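In what follows, chain A forms one complex with chain B and a second complex with chain C.
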Partner chain A sequence: MDQRGYEVLGPTIHDSAISYGPIHAIEDLPEGWTSEQGPGSYRLKRRTDGALFGYATGPKSLKNFLHPSEIKLFTAERTNGTFRILSNDGLAPRRAFLGVRACELAAAGVQDRVLIEDRFKDPIYSQRRAGSIVIAVNCSDPSSVCFCTSMGTGPRAKAGYDLALTEVIDGGTHEFLVEVGSETGADLLAGTEYSEASEELRRKSDEVTARAERSIQRQFENAGVAELLKENFDHPRWDDVASRCLACGNCTMVCPTCFCVTVEDMSDVTGDHAERWRKWDSCFALGFSYIHYGSVRLSTKSRYRQWLTHKLSYWHDQFGESGCVGCGRCIAWCPAGIDLTEEVAALRAAAPAEKTNGGGE
Partner chain B sequence: MTVIAEPELLDSTALADPFRPQLARIASVTRETSDTVTISTELPATGSLPQFVPGQFSMLYAYGAGEVPISISGDPGNPDRLDYTIRSVGAVTTALITRKVGDYVAMRGPFGTSWPMEAAAGEDVLLVAGGIGLAPLRPVIYHILRHRSEYGRLVILYGARSPKELLFRKELSGWSKSPDTQVLTTVDYGEPSWRGYVGVVTKLFNFVSLRPERTITMMCGPEIMMRFGIRGLQGRKFPDDRIYLSMERNMKCAVGFCGHCQMGPYFICKDGPVFTYGQMRHWMGDLREL
Partner chain C sequence: MKHKHRIGVFKFASCDGCQLSLLDLEDELVALAGAVDIAFFPEMSSNMRSGPYEIGLVEGSVTTHQDAARIHQIRKQCQNLVAIGACATAGGIQALRNWSDTQQWVNQVYAHPEYIQTLSMSTPISGHVPVDFELRGCPVNKYQLLELVSAALAGRKPNIPTYSVCVECKRRGNICIAVAEGVGCLGPATQAGCGALCPTYSRGCYGCFGPAESASSTILAELLIAQGHPSDEVVRAFRSYNACAWPFRQAAEGKGLT
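Right after this comes the complex of A and B.
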């Protein structure tokens, strides 16, 4: 990969979590580590089988690299009473991502729909996406917050990868099944030592996926949720969740599909040099909806409602699919342990029969 | 008939880098009120100005200060200039209105949907504006007066806080003398010399006679004004799909990436800013904070 000019990013232990970091050698991988996750909780744990990829997703996703949290849009320079705008001439980094899960591939697909396939194309995201190689690793150890099976996004990667591995540990053997998803993947594989997979290895790989599927307990009823949310804007449950929500925006930061950004303008002390930066933003921030007479969404209730309704309902109107891939990050990284599957279930269970119209006069 | 066609919406093929603005020179500056200025911009000799249709907006960048969405308020029949009427409400708008002739701003756009000039052809047209909301409707007035025979009656109802805050005062009186055109203005607070109406703009519905089935309404102003305007029109049996609104939300990008302008299922920047009330009905009821 180095020779091809790609920086390899894969699972590393960093800040007490497993998240993408530079991989130079096999020792950089989190061998013998896993994660234990629950609402508002993420803990690293030891495991005894020496697995290299035996964990569920951590806080970072491909979004951190393809849709970076801070990036300069342009530089402007003032000269002779006017100014000129200079483009960013930096080339997008070329990266190979190792250990990408099926839910993350689905999330990148969701971001593609927003940032490439809609009316406008984000050049920053497009270049980074085009300059990426994806080596997926099929998930063997979903955590208790995962619900990819409810969203139809996992646990096995079906498309969108160059290579997909399944780590198979059985008794004394530690093997990987490799599946090729693209010409680039085939090319990569050709440069390595490998042997044709046995029927048994294929069967064991399928068994890894079947075990992962069985271990997923969390359920989310996706059917009908788009309509449910639109018809329940004034449901008392919004007040209930608002009493727990800190409006910190953690869920939007770790969400692999949340794409909202703001821009910041700045200049140096001489005023001759100005820059415009794009940064991640969150619909939980009070200033997010600011217009000249104040913020439109003042209450935490309205901000949580906006986030959940956009993610699970408006996203269908805008992009023809849900904005949720079932990765569970928003549950694990919520400091208050708010669980969107539980919130939607509560809205569904107690949907007021009488008052369901959000737009009544 | 020379009605304005639907805009050719900008897309990624037209905008290799949708974040990069182009420079425009300020050719004239007109002070409208104590806090509102119209700047008329032209491109440097080499560039050709982008065409716009009434209702569209641009993102205007004041060097070092930032960028804001501003509706185009000029004449769509004059392709050499893009006019912006800007009220100072924050750091960027203040920077923009203190620019002088010969200074440069930068812009991206025009973006967004147009007022229904095609649907309005042959119909009566009711314009309802509050405050700075008259600016995005001015291109409609210019267009109708330029193509007078293609439209029916033109009724302009305009409300401002006080007489001093009425925009385009000379033009208002000129428009009122145009054929088959009625202009009524009202203010929230009069002053001794004011002889016009006092009260919210929706009160003016009482002083005009309109044919609901033959009228296209275009409304722009604070959201609360539009909510009351809609109620007034509904009470007079105006069909929801013949009422058009220009909506406002925070905007950082104008191309659907920043997420700030979402209102219900819409991105105001690329699905709007002009919508029919039929499209907006569900999101403009009694609920707030959407």
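Right after this comes the complex of A and C.
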């Protein structure tokens, strides 16, 4: 990868989580580590085996690299009364992502629909996406916040990768099954030592996925949720969740599909140098809905409702699919441990009663 | 010659750290000095020229009768009055007196308390005169201060966000220490502006920039206690540089300590 000019980013132990970082050698991988996750909680834990990819996703996703959190769009300079705009023509970084999970591939697909395939094409995202290699590793150890099976996005990667690995540890053997997803992938594989996979290895690889599937406890009833949310705009549950929500925006920052940005213009003290920056924004920020005369969504209630309803309902109208891939990051990385699957279940459970109470109107 | 904005820098009860932020702008100071006329800044120059000023930067809180009168005089001289720092925007750490018997403290601390004349409360500038902008922080972020001056010169709105520290913390690529390590962190309820300085170095946010726009301090206080942080520690966390900022005050008082 280095020879091909790619920076390899993969799972590393960074501070107190397994997160994307530079990979130069196998020693950089989190061998023998996993994570234990729950609402508002993430802890690194030791494994009893030497698995290199035996963890569930951390807080960062491909979004952190393909849709950068802060990027300068252009610089403007004033000299002798004239004014020039200097565009950012720096090359997009070429990166190979190692250890990408099926849910993350699904999330990148959702971002593709928004940032490439919709009416507007974002050149920053497009270039970074096109310049990326994806080496997926099928998930073997989902955490308690995962619900990819409910969203149909995992745990096994079906498409969107150049290579997909399955890590198979069985007794004394530690093997990887490789599946080729693209010409680039085939090309990469050709440069390595490998042998044809045995039937037994293929079967064991399927078992890894089957075990991962069985271990996922969290259920989310996706069918009908788009309508459910639209019909329950005034549900009392929104007040309940607003009493727990900090409106800090962490859920939107860690969500691998949340794409909203703000644009800030700044000029320096001389007035001769100006810059335009694009930064991740959050619908939990008051300024997000700021129009003339003030912000539209003043209450935390209205902001949480906007986030959840856009993610699970209006996203269908806008982009033809759900904005949620079931990765569970918004559950684990919410400091207050707010669990969207629980919130939707509460809306669903109480919905018929609400309708009865308000019946006939 | 083009008219330069005249700037006045005024001190009230404070440690001087915020006004020093101007002089800490080492790489930008020459450009700043060229772009504006720093007409009154006793900490920088003994050449102190009288008003009016286009921009008045006021540091510190009001703690004496004299200062309560002086701020009105300064307000009259400043087209735009900006309160800078936690003292000027919330009363500062010295506002802890607001929960105590100030005279008793004076008697305990000073050998000759009869020489000390002070108000019983430490109050922000906005408690006395209308303020055009409040720049938060203990101390302020010098780049936010520069942004404020630059924006004023360009006649544009300054980019000073009021959302939580979490937003800039995640933009910076940090792993959440509250979630991953169980560290008590005021970031979710604190206004951005410092660049998530403490969480970047694995320390919980101290709340130097005061309450974030969403005013979720009470929810955070209850959450921290539910997570096992002792309630007296939680109260002390909210009761520091911005103790008297209303949401922080509510969060601490709600825990039964007044």
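Here is the rule we use: the second predicted complex is superposed on the first by the 349 of 361 C-alpha atoms of A that agree within 3 Å, B and C clash if a C-alpha of one lies under 4 Å from a C-alpha of the other, contacts with A are read in each partner's own complex, and residues count from 1 in each chain.
Rule of thumb we're sticking to: a residue touches a chain if its C-beta (ideal position, glycine included) is under 8 Å from a C-beta of that chain, and two chains touch if they have at least 3 such contacts.
These numbers come from a predicted model, not from an experiment.
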First (chain B), second (chain C), both or neither touched by A:278: first
Which superposed partner A:267 touches (first chain B, second chain C, both, neither): both
Partner chain in contact with A:332 - chain B first, chain C second, else both or neither: second
Which superposed partner A:150 touches (first chain B, second chain C, both, neither): neither
Partner chain(s) touched by A:12 [first = chain B, second = chain C, both, neither]: neither
Partner chain(s) touched by A:222 [first = chain B, second = chain C, both, neither]: neither
Which of chain B and chain C A:259 touches, first, second, both or neither: first
Partner chain(s) touched by A:302 [first = chain B, second = chain C, both, neither]: first
Chain C-contacting residues of chain A that also contact chain B: 265-267, 271
Residue ranges of chain A in contact with chain B within the complex: 73-74, 76, 78, 81-85, 87, 114-115, 118-123, 230, 233-234, 259-263, 265-267, 271, 274, 276, 278, 281, 283, 288-293, 296-299, 301-302, 306, 310, 313-314, 317-318, 357-361
Chain A-facing residues of chain B, complex: 9-12, 15-23, 61, 63-67, 89-90, 102-104, 106, 222, 231, 234, 248-250, 252-253, 255-260, 262, 264-265, 267, 270, 281-290
For the chain A and chain C complex, residues of the former touching the latter: 14-17, 19, 40-44, 58-60, 64, 69-70, 243-250, 253-254, 264-271, 279-280, 282, 284-287, 300, 332-336
Of chain C, residues touching chain A in the complex: 28, 31-32, 34-36, 146-147, 149-151, 153-154, 156, 159, 161-164, 166-167, 170-182, 185, 187-189, 202, 212-214, 216, 219-220, 223
